[in-house]
Every structure is written in structure tokens, then in C-alpha cells.
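The next part holds the structures, each set out as C-alpha cells.
Same chain, two partners: subunit A is paired with subunit B first, then with subunit C.
Up next is the complex of A and B:
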């Protein structure tokens, strides 16, 4: 792994803000708003948020392709603005999708190319590239052009490319976008292996299940603000607590009874006889269903909240406290 | 220092491999010969025919030689498109975030057009000159080969500067390349002598690639003195070096301004 100072915190972000202003007469748009985050060495940290939440902006700043508007960001103790070269030697980047590869080159040529960019000697590069191709399961297709690869194979090559410089900090921006379930599972296994090697990994995702599977901690980001940083199991509990039940042909008396049940956060009426019940405690959903069925209601559906729903709840509960 | 040179040489080597892979994907030898080269030969022939129609052997030679060398520039300035491919392929942010200056990659990324351009130019010159009755003094005329290579490198350096602009203004990349090639066509002594233009335009022509190299080619074919040929070649080298330095600064500016304004997107 690339050497850097042996600091406990691989990533330190203090009061980080970033605004965009494409044109002079345009109102600046705030993409990151006073973000504070510390990621320990060897930690797998998930960054969850909807599109436009600021996840990619944060990754771009950590990758040195974007400057902060204010605040400081350090990778392994090196400032991303003033010690760019040092940071670039310590990081590896992969993003989802099929872009970011030279599709007319073979997998091996791609990795050799990037190893040259990471200043590795030819001998070192040959050894490392060979072992990475084995690791991501592409050794048998190493000398075929990337344009003939499936999407999943390209994603694996992406990850190998990110590892070619033997990075201490890996930045993975939506790495499993478009992956089939098998490839996504293999990816999670690989992330686990990388963690055991002591690499620090920052991974952005929409997928709570993925975050739960691979992350030590997860930060929720929304509207450029870090809403919460928690153990992924805690966020998983929030997801299971917040459920939504929709029922048809429900009278106002029954709606009032539902409102009184413990763990029911809200009961909304939408149209004649249609109610939406939102719960915010584990077990509340089952009780609501029992009452509805007991009252003879048969048109019932339940749904897990989206991440956005959870953000709203979290924002409401915490009053936008930034951790 | 030696290590840095070795590192950059390895990057250039793989950039070259990538460039050749692109060339192979775009052309087979048949499509290059019977489509692209034929189109270039037609262009040079058209201008040579204008000279014939004017009834002037000197005019025919002037136009044929000028346009035979110019077609190389048309090919080489495809560098604007192939540089822009890096942004379209999503590799630009990864290059910027790597420990190597992106300029090194871009310097080697489009060398396929050098081979293409030099090939078009030399075939045009050595095939069409006899057909149009233009004398090629042998073996001195063979000196044209290294001169065309030199001009191609010079145009390539100029193209790198244009490419850095095209990388910023992707939608204008064809316009930028065409403006560059048309400027050379009009100002660099291809159709009319540089002295035809008013003094300020002549100053501009003298810092453009092609101008001095083409003059050196004309000197060779006119049995000119070696000193004059060498002087023009040296001026072409200086112009190339100037554009190369400017290109290095332009790519650095591209990376830094992109970091400031957020125009370097992940994935594209």
C-alpha cells in the first residue's frame, strides 16, 4: 500500500463548503454546506444520499479534481489544496458506469497505462497488474479489448484500475451502478478484502442494503449537509421502523383509532376512504395491520420508506444537527 | 530527473498504444487509402488544377506543394477531436487526479494523426507532382520527408493548444479545429505568399506552424541553398517549441480552472 504518514484519521474534513456558479449573473448554488467528517484509517465509510445531495462533490474534492470554496480537507494528513501531489499518490478512484476506461485497449494495457501514470516501474507494474487481473477475475480475458467486455467486467476492471496505484484511500462513487446481483455480491466481498488490508474506503451509494453490508459507518447527506453519521445497523433500524400503510375504505372513526396507536406517526386521508398511515417505531406496522383487518378492511398495502423518507425523518428528529 | 524522464516515457508509450488502437478502430488500410487519402489527393489536385487553369507552371507548383503539405495539417488537427474523447470517455478526471501531469498524456494521445498526416502529405506530393509536371529534384527532394515530419510536429504542438481549448469548450471542438486549419490554409503561405498580407497579418503568419517549414520545402524543391533551408527549418523548430510550451501552460490552466469551477465531471 502507498505509504503516507501513519495518521489515525485517513480523511479529515472540517467546515467544508462548496458553491457552484456557472455564470457571473447566476445565483451561487450551495453543493456542500459546512461538512464535518472524520474517517479513521482502515474504515469503510458509506455516504448515502439522493441525487444532488453532494456526495459526488465531496468525492471530487477528496480526489483533488475540485477545490473547496471554504474549509479544509486532509487525506492521510495532506491538504488536498496545497499538497495535491502527495494526496494523488495516496488515493484511488472508481466510479460506476462504463466510462473511465480506454475501451479500445485490452484490460492489461489499460492497467499498464494507469500504472505508468502512477509512476510504477515496468517490472513492478507487470507484477501488480497480473495480480490485480487475477483478483478481479479478469485474468482469462486480460488480453481482450475492453469494448468486448460486459458491464460487470468493466466495473471490475474499474476497481482494478483504482487499485493499480496501491492506494491508501479508495474513493468509490456509486461503484455498483448497473451491476448485476452476482457482480454486486462479488464487489462486496472484494471491499471486505480491501478492508482487511487496512485500506480506507469511502463509498457513495443509494443502496442501504449495500451500505449495511460493507460499511463500518454511514453518513447521510442531503442538500449538501451531513445529516447524520451512524453505524449502518442504526440506519437499518430506522428504515424498518418507518413504514407506510395505505388502506382503502376506511371510515373516520377507524382513522382516529389508528392515530391513537403507539408508534403511529401520522394518519393522512387522501380522497374518500383512503388513508395513509406512517409509523416510526418497530412493531407499530403489525399493530396497524391487525386493527385494519379486525375492522374488516381488505384493501391494504404496505411499503418501506425510501431513503429520502428516512432523511426527512432524521432531519426532523435531529433538527439538522451536523455531526 | 532521469527517473522522471523514464516515467514520462512510459506514459507516452501507453498513450501511443492507445492512439494507435484508435487509428486501427477508425481506419483499415483500405478505408484509409481509398477514402481518406483519395479525398486528400482530390483536394490537392483541385488546387493544382487551378494553377493549370491559370496557365502558370510556377503557380501550379506553388499550389500543389502548398496544398500537399497542408493536407497533413488537416489530418493532424484531428487532435482536437481525439483530445476531447478523453472527456467523453470519462477518463479526464482520472487523469487529473493521477500523479502525472495530464499534458504528458495528451502529448502522446493523438500521435496517430502525425502518421496519418505525414503519410497523406508525402503521398500527395510525390504522387501528384509528376502528374502535374512539377519537378522534384532527386535526391535533394528526399529532404522534404524530414521537413514534413518537422512541420507535422509543429502543427501537432499548435493543435495541442487548440485541443486544450476544445477540451474546455467541447461543443466547439470542430469549429476550433476548422478555424485552426483554415488559418493555416489562408495565412501560412499555402495558397498565396505570406508577403501578400498586410504587415500585422504577416507577424501572425510567422508565429503559426507550417509557414517556415513550408518555405523550407519550397527552397528544397527550388534547389535552394542549404543555409536558407536550415534557417527556415530552425524557425519552424522555434515555432513548434513555442506552441509546445504554450500547450503545457494551457493544459495546466485547464486542470486548475477545472478544479476551481467544477467543470471536471466524474464519469464525463
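Up next is the complex of A and C:
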């Protein structure tokens, strides 16, 4: 792994703001708004947010591709604006999507080129590239053109490219987009291995299950502001009041009674006799269960909120609107 | 230097898989034939070097404009510039290595032109001063690489690079004395031609194809090198500035 000062905080972000203004007469658009975030060395940190929330902007600033408008960002103690070369030696970044690769070249040729950019000798690069291709499961397709790869395979190649410089801090922007479930599971295993190696990892994702599975902490970001940073399970507990009760064979009268109970936020009917009750106050769940059992309903289930529920509650459900 | 060679190797690989980038070398013989037809129809076989050198230089310049000049911009469109910028490597050196390979390949345009003149019209353009000719080619290569560095930086800044690319061909063929010697251009235009390295290179290359001794070789080669060095220095600074600008604007890549 790339050497660097052994600082406890791999990433320190203070009062980071970034605005975009394409034309002089255009109103500046705020992409990041006074973001404060600290990521410990060896931590796997998830950045969750909808499209346009500012996740990729943050990744680009961390990787020195984009300059901040104000505030400071340090990677392993090095400022991303004034010590770019030091930062670049410590980081690896994988931008998601189909682009970002030389599709007419083979996977091996792509990685050999990127190795040279990290000042590796040909012999060192050959060894490292071979091992990375094996690690991401592309060894058998190493000498085929990237344009013949599926989206998931391209994602794996992105990941290998990010690892080519043996980075201490790994930034993964939507790393599992396009991966099939098996590849996504393998990816999680790989993230676990990378964590064991002591690397700090920042992952942006829409996938709540992925964040819960691999992250030590999760930050919710929306409209350029960091809404919360917590352990994914802690965030889940925040909304323990927001429980969901599903019951079968419930008549409309009973559904109306449930709606009148204190602490019941909503009662939705899904199909004949199936209702979903959402509560928003502690103790409300117990009261709903008592009424249901008292009415003779026996097919009942309750559920803890998933990270997705939390995400929707904290960020808000605004459909497909991009701010 | 390792980065330079790695970038050069990479560009060679890339060109092998993107032969469409070298389309100019496919159409070049047609230009040679057109100019040679004019020369032979007029019975001026002594002007054959003008047709051969002229069309050869046209190919070198066109490839610089449309391939070397687009190196940074095509990385932006491909989405690979982000990762390149995030790597601990000088973008200007990467571009330099890549342009060097493109320019080296474009020099084959001269040989191709000479071959086309011989194959179609039976006119063999002989190199009478091989040493000077090779030295001139080397200096032309250096100056073209430097000039292409400016192009690659400039085309990122230009909102409509294609317009610039199209409009930077024929005016430079005139200013560079590619077909018509600078000496016969209007007097007010000649000082401008003197700062275009092509004019010195084209004159020297043509002189090497004549039996008469080539005069002021070192001075003329020195001027080509000087103009090339100035262009390379400007290119380096421009690429650094451009990089800072796109990082500031958030336009390193187009999403």
C-alpha cells in the first residue's frame, strides 16, 4: 500500500462548499454546502444520497479532479488543493458507469497504462496487473477488448484500475452499478479484504443493502448538505418509532378504527383485506397489535425500518426530482 | 522519461486499434496525384518536389490538428481524463509522449507522397542531401510536437474546436510556404511566415531535393528548433493552465 503519514484521520473535510456557474450571468448552483466530515483510517464510509445530492462532487474534490469553492479537504493530512501530488499518490478512484476506460484496448493494456501513470516499472506493473485482474475476476478475459465486456465487467475493471496505484484511500463512486447479484456479493467480499489490509474506503451508493453490508458508518447527503453521519444500524434505530405492521383479513371498519389510534401515521390497503399500518410514535405499535388481536386478526407481521426507510424519511420522498 | 515512453507506447497501441485516426494518410495520395497532375500537365517536372513536400507537410499538419490536437479533449469525452488527472503524473508529459508518436507516424506522409508521385507519374523525387534532409525531418518533428502541444491545450478552451481545426489548415499552408515559397508571398505577409516553423521546414526539405548545395543549414535548422522549443514551452504552460481551469470550472469530463 502507498505510504503516507500515519494519521488517524484519513479524510478531513471542513466547511467544504462547491458551486457551479457555467456562465457569468447565470445564478451559481450550490453542489456542496458547508460539508463537515471526518473519516478514520481503515474505515469503510458510505455516502448515500439521491441523484444530484453532491456525492460525485465530493468524490471529485477528494480525488483532486475538482477544486473546492471554499473550505479545506485533507487526505492523510495533505491538502487537496496545495499538495495535489502527495494526495494523488495516496488515493485511488473508481468512477462508476460505462465510460472512463479505453474500450478498444484490452483489460490488461488498460491497466498497464494506468500502472505507468503511477510510476511503476514494467516488471512491477506486469505483476500487479496480473494479480489485480485475478482479484477482480477478469483474469480469463484479460486479453480481450473492453468493448466486448458487460457493464458489470467494466465496473470490475474500474475497481482494478482504482487499485493499480496500491492506494491508501480508495474512493468508489457507485461501484456496483450494473453488477449482477453474484458480482455484487463478490464486490462486498473484496471491500472486506481491502478493509482488512487497512485501506480507508469511501463508497457512494444508492443501494441501502450494500451500505449496510459493507460500511462502518454512513453519511446521508442531500442538496449538498450532510444530513447525518452514523453507524447504519444507529440510523435504523432513529426511526424505531416508525414501525410498519402488515395484517391480513382486515375489514374496512377495522381499518378505520386503526386509523383513529394515536400514533398511527397511515393505513394503506393493499389487495383484498391486506392493510399496512405505519406508526410514528413510540408505543403506537403495541396499541395497533392489541386492537388487531382483539378483533381476531391472527396474520400479523411487524418490521423494523430498513436503511431505505430511514433514507426516505430523513431525505424525504420527492420522487424523481433532482435538485 | 518513463512516463513519456509509457504514454508513447500507449498511443501506438491506441492507434493500432483506431486506424480511422490516420485516415489522412489514406487520402494523401489523392492530393499528391492532384498536385502532380498540375505540375506534369504544365511540363514543369522541376516543381515535383513542391507537390511531394507540399502534400507530405499537409498530412503532417492535418494529423497534428485532428489527432494530436484532440488528445486532451477526446479524453474528456471518453471520461478518462478524471482518472488521468487523479493520477500522480504530469498531464503535459503524457500528452507530449502521445503527440510524439502521432507526429512520428505522420512523417511517413512524405515518403507516401514521394511513392505516389513515382507510382502514378513515374517521377522519382531524389533526396540529394540525405544528411540535411534527415536532420530537417528531426527538427520538423520536434517543432510539430511543440506546436501540437499548443493545439491540444487550445482546443480544450475553444467552445467550437472543430471550427478552429478546419480554419487552421489552408491559412497555415499558405503562411508555411507549403506549396508556394514564402519569397513569392506579398511583402507584408512574409514576416508572419517567418514565425511559422513550417515555412523554414518546407524550404529546407525542398532544397534537399535539389542538386544545388543547401545554404545556411545550421541557421535554418536552429530557427526550426527555436520555434519548436518556444511552442513546446507555451504548450506546457497552456496545458497546466487549461487543467487548472477545467478543475476550477468542473469540466474535467463531460457527463
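Everything below uses one rule, namely that the second predicted complex is superposed on the first by the 237 of 323 C-alpha atoms of A that agree within 3 Å, B and C clash if a C-alpha of one lies under 4 Å from a C-alpha of the other, contacts with A are read in each partner's own complex, and residues count from 1 in each chain.
Criterion: a residue touches a chain if its C-beta (ideal position, glycine included) is under 8 Å from a C-beta of that chain, and two chains touch if they have at least 3 such contacts.
What you are looking at is a predicted structure, and each value in this text was computed from that prediction instead of being measured.
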{"item": "Clash or fit, subunit B versus subunit C on superposed subunit A", "value": "clash"}
{"item": "Which of subunit B and subunit C A:67 touches, first, second, both or neither", "value": "both"}
{"item": "Contacts of A:166 with subunit B and subunit C, given as first, second, both or neither", "value": "neither"}
{"item": "Partner chain(s) touched by A:33 [first = subunit B, second = subunit C, both, neither]", "value": "neither"}
{"item": "Shared subunit A contacts, counted only where both subunit B and subunit C touch the same residue", "value": "18, 20, 22, 57, 60, 63-67, 85, 88-89, 91, 93, 95, 97, 99-102, 104-105, 109, 113-114, 116-119, 145, 161, 165"}
{"item": "Of subunit A, residues touching subunit B in the complex", "value": "18, 20, 22, 56-57, 59-60, 63-67, 85, 88-89, 91, 93, 95-97, 99-105, 109, 112-114, 116-119, 122, 145, 161, 165, 173"}
{"item": "Residue ranges of subunit B in contact with subunit A within the complex", "value": "7, 10-11, 13-15, 17-18, 21-22, 24-25, 89-91, 93-100, 105, 258-262, 264, 266-268"}
{"item": "Complex contact set, residues of subunit A against subunit C", "value": "18, 20, 22, 57, 60, 63-67, 85, 88-89, 91, 93, 95, 97, 99-102, 104-105, 109, 113-114, 116-119, 121, 145, 161, 165"}
{"item": "In the complex, subunit C residues that touch subunit A", "value": "2-3, 6-7, 10, 13-14, 17-18, 78-80, 82-89, 94, 244, 247-250, 252-253"}
